[in-house]
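What follows is a set of structures for review.
Both of the next two complexes hold chain A, though its partner changes from chain B to chain C.
Our next item is the complex of A and B:
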């Protein structure tokens, strides 16, 4: 099928979903209390976006997200690179990291609450914790994606250690690291939301959770649309960089 | 005065020796203890010669080449290149062309060729001029902007050769450069390599598993024994130059190839 054809079908599907969202509750096929029609949700989105309380909540969540990200990504990258580059470090820590990686991080959330209390620190700590393992794994995969032949070529032409780093390691690792960045954003976002929805006094996750508990369905759906949009925009921006930096990876 | 300088020229045979290896031994210390890889290798390669090394798999050809390139340190023995020992990689004296996939996929063909010059921070325009020249030499004019994944296997190896030659080293080492190519491309590339070689007057050390390729390319074929690798025969290839494909059908060609095969077959 042609490119344009595919895009047309995608839009048709999207339109069908939105139409169903509008029509099913309007026609009484599904309970409008559970699924408010789209035309009620969209104005609600404008409405909640105008509320100062929502602004405040978004600010808190964004700050948690940013701080957790700034902790998890550099730290995780450093540990990942170390465990791939340093044999002893790798031998000791890699199995443990793999084990913990496989455990759902949310089961540790109560411990974070016990240690940090409910608040900014606890949510940041939990989000960073739930993100760091995927960063470690990706960073060590990035190091391992550097080809031995390329290192040999650089050495044979007299590259210094620094040149090997800047001219072989970094370009080889960039596509994998960008992908890691993208995936860690998803994990980090999820971490913040889970922490806020589980126990919190502020934040957009907490708001969504309380809208849900109080059966405020239009608000709940407006919040879902808002967060989904933010996540998709983040994801697509990095993906755009990824494709630009890795046209050669085919 | 003129006489004196003449005499020194005559006595100074090392000036014509591109590579000299004396009593080289190498032992790998692996997990299962020591593995003697190379044993008492001595060889002299005159400047401008095309020398091909053949031998059974695992006999230490790549190891020897790595040592010639200064990429690996031998256990004992010396390697002289242009009269001076090789201890570290020295791109001014030795260029290396590796097996397939050694080009950097994130650099264009032109940037790949420029890479060695970029490492020593040569001026941009000199780099570009030289790299263009090399791409022309290997028959890739107009392909400088392409990325490796946009080139065929043969073209990639042409770029590798251009990269190996860009700093104009007197010696070019090649480790099975055409092994991954199909038979036809491989023949063409061999022929092209001879053309490039005759235009640049390099000393070439070329490793291959193909006996036909060995005889077709070489001035001299060195045959190595199975591990520990020793040089068990030196076969001068007396076929005239320039070589052409018809020679492959000749009796001399067949006899030479046969002699090499017998040597490899009977190596202990």
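Our next item is the complex of A and C:
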């Protein structure tokens, strides 16, 4: 099937989902209290976006996200590169990292609250903590994706350390690192949201959770649509860069 | 001097963490509110044993139900999406875009729909674990060696025979990886859900002890969850290792695309 055909099918499905969202509550098949029709949710999205309180909450969440990202990504990359370059160090820590992955990070939230309170610092600390492991793992995968033959060829032709770094390491690692960036962004976003939903006075996650508790379903769904759209746009942007960069690899 | 083996160093590290956990608060370097000594945590755990056990029972019940949902639905949808070209082209990119959405923001919707009892946790954790199972099942079916199918067909295997004799055995290792990831995610999902809005389960216990600043009981709950998830992971890995023999048998070497590997390695947020 052609590309255009596939895209057409996707849009048709999207339209069907949206139509069902509108019609099921309107026709009374689904309780409109539980699933407000789309035509109620979309104006609500405009409405909440116009509220200063929501602006403020989005600002706080975005700042938490940004600071946590700036902490977790460089630190995680450094540890990851170190553990890939130093075999002994890697052998010690890699198996431990695998276990850390399967552990719910959110269970440590109470400790972050005990140490940092429930303010900005706690959100940043928790989000950075929940992100750093995936950064470590992806960074060491990025180093391992550098082909030994490429290094050998570069060295045999007398490349300096600097040339090896800029001509071999960076081009081979960039696509993998971009993917790491993308996944760590997803983790970081989830981390901020969970921390805000768990205990917070502000932030968009806290708003969503309180809309849910107060049964304000149109606001809740509008918030969910907003966050989902933002997440998807970010994700697709980095993916686009990724596909552009992977041209270098082959 | 020969360096100690990495394995020994790992155990030493774990022992060191336990010692530090006991020593720091005892020596007054860290307030006991922030880090109660290990011995106090264990005493708290033993004293409140019945409470923790009944909470663990609730949590396990939710985890098992959620795993059944995630694995059942994930394998079914994954098999369809991986096996049928049209579905794969239409849906696979959509699913990997949706992966970016933090599912946790949907939890308020689940509580509004299903209440704050076990149902909402099961539904949420099921949705949480569904994606890795589905994606890895799709990848597992997609990367089966075409020649195996060709051989089976040329020897006159019927479609059901092809499915039971070729497709299922050849995709099992990949599916198992997905089940491990999905299982870990359902545990995470249940715990997150219990911590957010709940009236039972270990996540709830941890949260309610946190609000009254009873640190030893908080750490006891945390310890239980850690043990639970590490036990699950160890068991799942052991099962995977046993089926490793099949892994190289039915797999197209190198042919699996980057995207397949990415979906397989997709870790669990939160």
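Going forward, the second predicted complex is superposed on the first by the 247 of 250 C-alpha atoms of A that agree within 3 Å, B and C clash if a C-alpha of one lies under 4 Å from a C-alpha of the other, contacts with A are read in each partner's own complex, and residues count from 1 in each chain.
Here is the rule we go by: contacts are C-beta pairs under 8 Å (C-beta built on N, C-alpha and C of every residue); 3 or more make two chains touch, one makes a residue touch a chain.
Given the structure is predicted, the values throughout are model-derived calculations rather than measurements.
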Room on chain A for both chain B and chain C (clash or fit): fit
Apex chain A: angle to the C-alpha centres of chain B and chain C, given in degrees as a multiple of 10: 90
More chain A residues in contact [chain B versus chain C]: C
Partner chain(s) touched by A:171 [first = chain B, second = chain C, both, neither]: first
Touching partner for A:190 - first (chain B), second (chain C), both, neither: second
Partner chain(s) touched by A:29 [first = chain B, second = chain C, both, neither]: neither
Partner chain in contact with A:107 - chain B first, chain C second, else both or neither: second
First, second, both or neither for A:159, with chain B first and chain C second: first
Partner chain(s) touched by A:211 [first = chain B, second = chain C, both, neither]: second
After superposition on chain A, the shortest CA separation from chain B to chain C (Å): 13
Touch list for chain C against partner chain A, complex: 3, 6, 9-10, 13, 33-34, 85-86, 89-90, 94, 97-102, 104-109, 111-113, 180, 184, 187-188, 191-192, 195-197, 203, 206-207, 209-210, 213, 215, 218-219, 221-222, 225-226, 229-230, 232-233, 258, 262, 265-270
Residue ranges of chain B touching chain A (in the complex, touch as defined): 69-71, 88-91, 96, 98-99, 101-102, 104-106, 115-116, 118-120, 147-149, 167
Chain A to chain B touching residues, read off their complex: 147, 149-150, 152-159, 163, 167-168, 171-172, 247-250
Sites on chain A touched by chain C in the complex: 1, 6, 9-10, 13, 34, 88, 91-92, 95-96, 98-99, 101-111, 113-115, 130, 134, 137, 141, 179, 183, 186-187, 189-191, 193-194, 197-198, 205, 208-209, 211-213, 215, 217, 220-221, 223-224, 227-228, 231-232, 234-236, 246
